[in-house]
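These notes open a run of structures that come right after.
After this come two complexes, each holding chain A, first together with chain B and then together with chain C.
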Partner chain A sequence: MEEFTDIFLMLLLVAGSLAVLYVRNLFVATMLLSAVSFLMALLFVTLDAVDVAFTEAAVGAGISTVLYLGTLALVGSTERPRAKLSVIPLLLALSIGGSLVYATFEIPAIGAPDTPVQLSNLTQRFVEVSPVEIGIPNMVTSVLASYRGFDTFGETTVVFTAAIGVLLILSQKHVRRREEDEEEQNGLKPATQSHGQVGSPHDLIPHVVSKVLIPFIFLFAFYVQFHGDFGPGGGFQAGVIMAAGFILYSLIFGLHITKKILPLKVVELFLAFGVLLYGGVGVVSMIKGGNFLDYNVLSADPVAGQHLGILLVELGVGITVTAAMLAIFYGFAGRAQGRGKDVN
Partner chain B sequence: MFFDHFNYWIVVILMMIGLYTVMSRSNLVKKMIGLSLFQISVFLLYISMGKIEGGTAPIVSNAPDAVYSNPLPHVLILTAIVVGVATTALGLALIVRIKEAFGSVDEEEILSNEDNL
Partner chain C sequence: MDLILDIGTWISLLIGSFFLLVTGFGLLRFPDLYTRIHAGGMADTLATAIICFGLALQSGFTLISVKLLFVVIFVFLTSPTATYALAQAAFVAGLKPKLDGFEGSSIKPATKNDDD
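For the complex of A and B:
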């Protein structure tokens, strides 16, 4: 039965991606991409990757859709029709695809217990020793925060850097092109465009529903953050869910109100604080005589030390991811608002 | 069996749809969407590799002889998803700036505008 669910979901995936390729309206393409992401999240659940499914649902179907829509509001959503058929890319894609499919026959079957992936010494250590050594039921969290702590530190830094990059790129002053001014003077293009409006001041139902939902979204984010040791969850997922709560608020009530609650300056502080907290745990463990990010030395009992270290590190990840997603959203939404007259 | 490699074929098909989108479409936002598709297919590749027949999610359960799927690919992809959205955002931000500087997000239009200048 599970196999058929899998196959059905995967066929839907292919149909969805083909639709993404063929539609001309980019808004439609974005929504379809979001649907494809969500299907992928469902598929991850059937493949036992609950943590990943969580992340994909929150990121792929949530945040990235908002970012694409924010971009489309700024650049327009119609794709120019193409005159000529692109034969060479098609042939190239087909030939690469053909050779890759040929290569898959050399890969062990899916789910086989004797593949190199399953037999590796690392896997044995993670699955058999980690619940005792780290003392945390969720192996994904132990591997993420402890065994591969250094790698996760790098990933957090990448998120941090990307957010800084977006802020730098989008906070530059918009230099108006000459044609744009002329268009406006000739009355071809109205000065106030609808995309300047970020919040929706009129709709009662979204206001009420979001007021009821948002506290629970935050509560859920905290649950995911602090329960990540025992069930699916952790800093990355919690950060994204938290940011989604703020973004929902901003979409319904307007960016300027959200910025009053959580100014960009505060977001930037949190952005840096998360990475510093992560790095700080590493430095403290060095001062206490261990290696960088070796949590065993943080407490007299190694297992208790691991717990403390993972808690702090996940908190750092959560804070940075929340702040990064918000900073990116502020960048895009602020850009849209800066161009039209602020309606709110 | 026929379905032994089915996930991998879907991975290849999604990957090629993504690649073809990137190569054949001149709209920059569409190219980013193609890259996202490509990225999603890589996620599926990794997660499929970690799956073990009759296994369960890698969270310790009370069942005595539980078999767990491999947690390592999950960790790699979990972080890759979040890093992916951050880098996608960076790309989209660049597209916004390109639109402001050249008045278009169509690759060919931008190139022809450049030639006319």
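For the complex of A and C:
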């Protein structure tokens, strides 16, 4: 039965990926990509990697799709007609794909007992000692936030850097400010006016439902954030869900109202604050006499110190990811609106 | 007792799968966007509820059942809203329903109509 599920999901995955390649309409391709991401998440679930599946579903299927759509609002959804078939890229892609397929023959079977991962002393130690040493049941969080805390610090910094880069590229507004002004004087500014304000009475249902749902989305984000010690979850997923709540609000009520609640300046502050919080925990543990990100010294009791450290570090990740997603969304959506289009 | 619960679960899963199948057929076979999302929105929501009910029979009075209940409530709120928003957006963009009853109606779709 499990094999059937695996094969079925794999076939859907292949079909979805091929469809993404063949579809000419970028909007359809984005939706298909989201479906492919969700299939990946399901595959991760069948492999018992629930944390990864959660991240894939939230980031790949959820927020990336929204960001792609924001980009499409900016660039339009029709693909430029393809030039004639080019041989060298095709050969390159085929050879790389072929070597990857060849490499899969060397992958050990799922659950094989003699793989390096199973035989490693590290695995044994994580499984046996981490519940006592770190004191939290979810070993993924122990490894992610404590044993390999420095790696996760790096990942958080990557998110931070990416958001800064997007902001740098997309916030160059003043270059085209003049022509925009001319457009606006010519009466070509439909988007910023018509959306945002409660437009037609037909928008009532999305308005009411989203008002009901958004508090629960935030509540769920906090649950994922603080429940990461006990079950699947953590800062990355929680940050994405939190940002999704804000983005939903923005899509339904308009970007400028969201920017009144959470201005770009505040988002930028949070963006830096999350990374600072993470690094700050490391510095504090150094001041207290431990190594960088050694949570044991944060409290009198090492296990309590680990708890506190993981909590703060995950909070830092969550804040940075939320702010990064929002900053990227503001960047794309703001530009799209400036050009008289809207992400709605 | 277990047998009854198992049978109940099986029946729920089969009914839910049937509705999902109906959804699939509807999405493929109906003539235009409005009828298609009608098929998608209605039967899909019902199928989710029935399947979750069947799964809750297996988990009994536990936290899992409560979570399943939350899933059902969430889908009951979001799926019809998404369907509505889609239909609304298509209508505002000027897509005319193929199976229309628009002659006698006071509401007219926008002027730009593209027949596909």
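Here, the second predicted complex is superposed on the first by the 299 of 344 C-alpha atoms of A that agree within 3 Å, B and C clash if a C-alpha of one lies under 4 Å from a C-alpha of the other, contacts with A are read in each partner's own complex, and residues count from 1 in each chain.
Convention: a residue touches a chain if its C-beta (ideal position, glycine included) is under 8 Å from a C-beta of that chain, and two chains touch if they have at least 3 such contacts.
Predicted model, so just to flag it, every value in this text is computed and none were measured.
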| item | value |
| --- | --- |
| Partner chain in contact with A:213 - chain B first, chain C second, else both or neither | second |
| Which superposed partner A:205 touches (first chain B, second chain C, both, neither) | second |
| Larger contact residue set on chain A - chain B or chain C | B |
| First (chain B), second (chain C), both or neither touched by A:96 | first |
| Touching both chain B and chain C, residues of chain A | none |
| Parts of chain A lying in touch with chain C, wherever the complex brings them together | 200, 202-203, 205-206, 209-210, 212-213 |
| Residues of chain A touching chain B in the complex | 3, 6-7, 10, 13-14, 17-18, 20-21, 26, 29-30, 33, 36-37, 40, 43-44, 47-52, 55-56, 59-60, 63-64, 67-68, 70-72, 74-76, 79-80, 82, 86, 89-90, 92-94, 96-97, 100-101, 104-105, 107, 109-113, 115, 117-118, 122-123, 126-127, 131, 137-140, 142-144, 148, 151-152, 155, 158-159, 162-163, 165-166, 169-170, 172, 174-175, 177, 179-180, 230-232, 234, 236-237, 239-240, 321, 324-325, 328, 331-332, 335 |
| Chain C residues within the chain A interface of the complex | 74, 77-78, 81, 84-85, 88, 92 |
| Residues of chain B touching chain A in the complex | 1, 3-10, 12-21, 23-27, 29-30, 32-34, 36-37, 40, 43-44, 47-60, 67-75, 77-79, 81-90, 92-97, 99-101, 103, 105-106, 109 |
